[in-house]
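Here chain A shows up in two complexes: once beside chain B, once beside chain C.
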Partner chain A sequence: MAHPSQLGFQDAASPIMEELLHFHDHALMIVFLISTLVLYIIVAMVTTKLTNKFILDSQEIEIIWTLLPAIILILIALPSLRILYLMDEINDPHLTIKAMGHQWYWSYEYTDYEDLGFDSYMIPTQDLTPGQFRLLETDHRMVIPVESPIRVLVSAEDVLHSWAVPSLGVKMDAVPGRLNQTAFITSRPGVFYGQCSEICGANHSFMPIVVEAVPLEYFENWSFLMLQDA
Partner chain B sequence: MLRQTAVHMRGLLARRASAAVTSSSVRMASHEVSETVDMSRPMYYDRVDVPLPDKPYKDLLTDADKTLKQKEKGPWSQLSKEEKIALYRLMFHQTYPEMKQKTSEWKTVLGGIFFFLGFTGLVVWWQRIYVYPPLPKTFEGDSQAMQLKRMLDMRVNPVQGFSAKWDYEKGQWK
Partner chain C sequence: MSSMLKVVGKQLKNHPALIPLFIFIGGGATMSMMYLARLALKNPDVSWDRKNNPEPWNKLEHNQQYKLFAVNMDYTKLKKDRPDF
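The block that comes next holds the complex of A and B.
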């Protein structure tokens, strides 16, 4: 989750998110370079004492300011496409979970071995125990085994929603009548928070997502207990 | 009507072609009213980057002015300093130093900006008192401290972010 007054991205909890962070650094550096150059040119043009402003053509600078942007765009596009295809790779998931969006909660179904399904509602602010995070905690978390490839099939039961967990680098729209697939692998254990990312009505801001990555034995215990409760 | 327009266009194009073909120095040497490239009406302007406007400053010359203009056609060494200045003032409204003179406009602009910033501040303050509901209980000091402790226990952002800045052995911030 984000810490107070955080401006940048959350630390990566999956390899894809690490790649995205590096790419963002690369693209942002290019953006800073271009912005600094443009700012310098603007200041120079505003404060100049020269008065001959009516030069109409010059081949050399035209070539430079055509070629240089093309090269910069290629330098941005190549890493970008690399990550795009990396995200699409077949990764032989160990577990498939269905995340269904409702107004206004998520429900998760683990149907690989048994029929495990439960709803995940936000804990209202007045019911929070001290130390819990406002608008982020849910009554049931989506528990997954750490360092295992997970496939999530995202859909919706009523209107559009979007299942997003920033620290895992995952966002997938939940479209009614459509199954969208996304996959990730958590590199470290922990609790990762996200929020619904497609406007879906009055309580769109109040249907968070909590993913808890635990070692396999804990996951097995948890799923056993959840099946008993159901 | 189309045919009339066509005739007019040909006339305008012919004038434009002649303006482009004739040398600009020839046109400027006889600096009375000159043709503009975009065919707008000739107008007078004081601009630092365009030294010679389309037309002179004074359009209607008195008799004294006209005799002075006749005298200008002779050798210039016979003109006195006052006459030269008078001829300049016939042709131009301001001198270069007058054009470049600084104004106090920036003080008005800055004052206006501060005034509106202050007014906005007053509006925001009023809103805080009379409009906004009270903050949720999670913003209280104790609750915030417990949330921070829980974030550290959960190892939130342990790589470079939050928990990375806490020294777990010593129990204090790095």
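The block that comes next holds the complex of A and C.
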């Protein structure tokens, strides 16, 4: 989850998010370099006493400042397209989970083997126990096995919602009547928080998403216990 | 048409700095048009010819790669584990 006064991305919990982080570092470094250069040139132009009133044009500098930006743009575009295609690859998921958005909670259905379904409501602030995160915790978490490709089918039962978990690099709109697919792999066990990312009414800020990645035996125990409770 | 090209050629001789501009803009426009043409002709998501090719999205093989690039995935290794319908 995010920590107070955080400026950058959350730590990556999936390989795609790692790629996105590295690409962001690359693009931001280029942006910083260009901005510093421009600022330096501005200051140099403004603070010099030298003037030349007779320059009309120069072919050499025009070639340079056409070529260099084009090369920089290609250096940004190639990694960007690579990640774009990487995000869309079909990776043979081990588990398919349906995340349905409602006003104002998410419901998860694990129907590959048995019929397991449950709702996930936010824990109200007055019911939090010490150590829990305000506006982020839910009563039931979406538990998944760690390091397994997971497919999530996202849809909505009433209005538009969006299922987003920043540390996994995942965001997919929940549209009523439409089935959207996204997939991810968690690289490490842990608890990953997200929030509904499409305005959906009064409690849009109060329907968070919690994904808990655990080893496979824990996942099997959890799904067995959840099936018994239902 | 050829007179326009002659005018442009004359301008290029006097201002050779415009040559990289032509290369990059021309290359970019060519690549986008080629990709649009590929989408128009080979995209399985849209049916253009309702009589002869009504549902092209149903004709995909289980290990067919329909995206332009494959970064990390060897599509030939995918196995078919669904029944035909």
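Worth pointing out:
Note that in this section the second predicted complex is superposed on the first by the 223 of 230 C-alpha atoms of A that agree within 3 Å, B and C clash if a C-alpha of one lies under 4 Å from a C-alpha of the other, contacts with A are read in each partner's own complex, and residues count from 1 in each chain.
FYI, a residue touches a chain if its C-beta (ideal position, glycine included) is under 8 Å from a C-beta of that chain, and two chains touch if they have at least 3 such contacts.
Computed from a predicted structure; not experimentally measured.
Residue contacts after overlaying the shared chain place A:Glu89 against chain C, while chain B stays out of touching range.
Contact with chain C, but none with chain B, is seen for A:Glu62 once the two complexes are overlaid on the shared chain. In the superposed model, A:Thr125 makes contact with chain B only, not with chain C. Of the two partner chains, neither chain B nor chain C is touched by A:Thr48. Shared-chain residue A:Leu81: touches chain C; no touch with chain B. In the superposed model, A:Ser5 lies in contact with neither chain B nor chain C. Looking at the shared chain after the overlay, A:Gln228 reaches neither chain B nor chain C.
The contact surfaces that chain B and chain C form on chain A in the two complexes do not overlap at any residue. Remark: chain A residues 57, 59-60, 62-63, 66-67, 70, 81-82, 85-86, 88-92 touch chain C in the complex.
Of all residues in chain A, those touching chain B in their complex are 1, 3, 6, 8, 10-12, 51-53, 125, 128, 130-134, 167, 188, 190-191. For chain C in complex with chain A, the residues that touch the partner chain are 15-21, 24, 67-73, 78.
Those residues of chain B lying in contact with chain A across their complex are 48-49, 136-138, 142-143, 146-147, 149-151, 154-162, 164.
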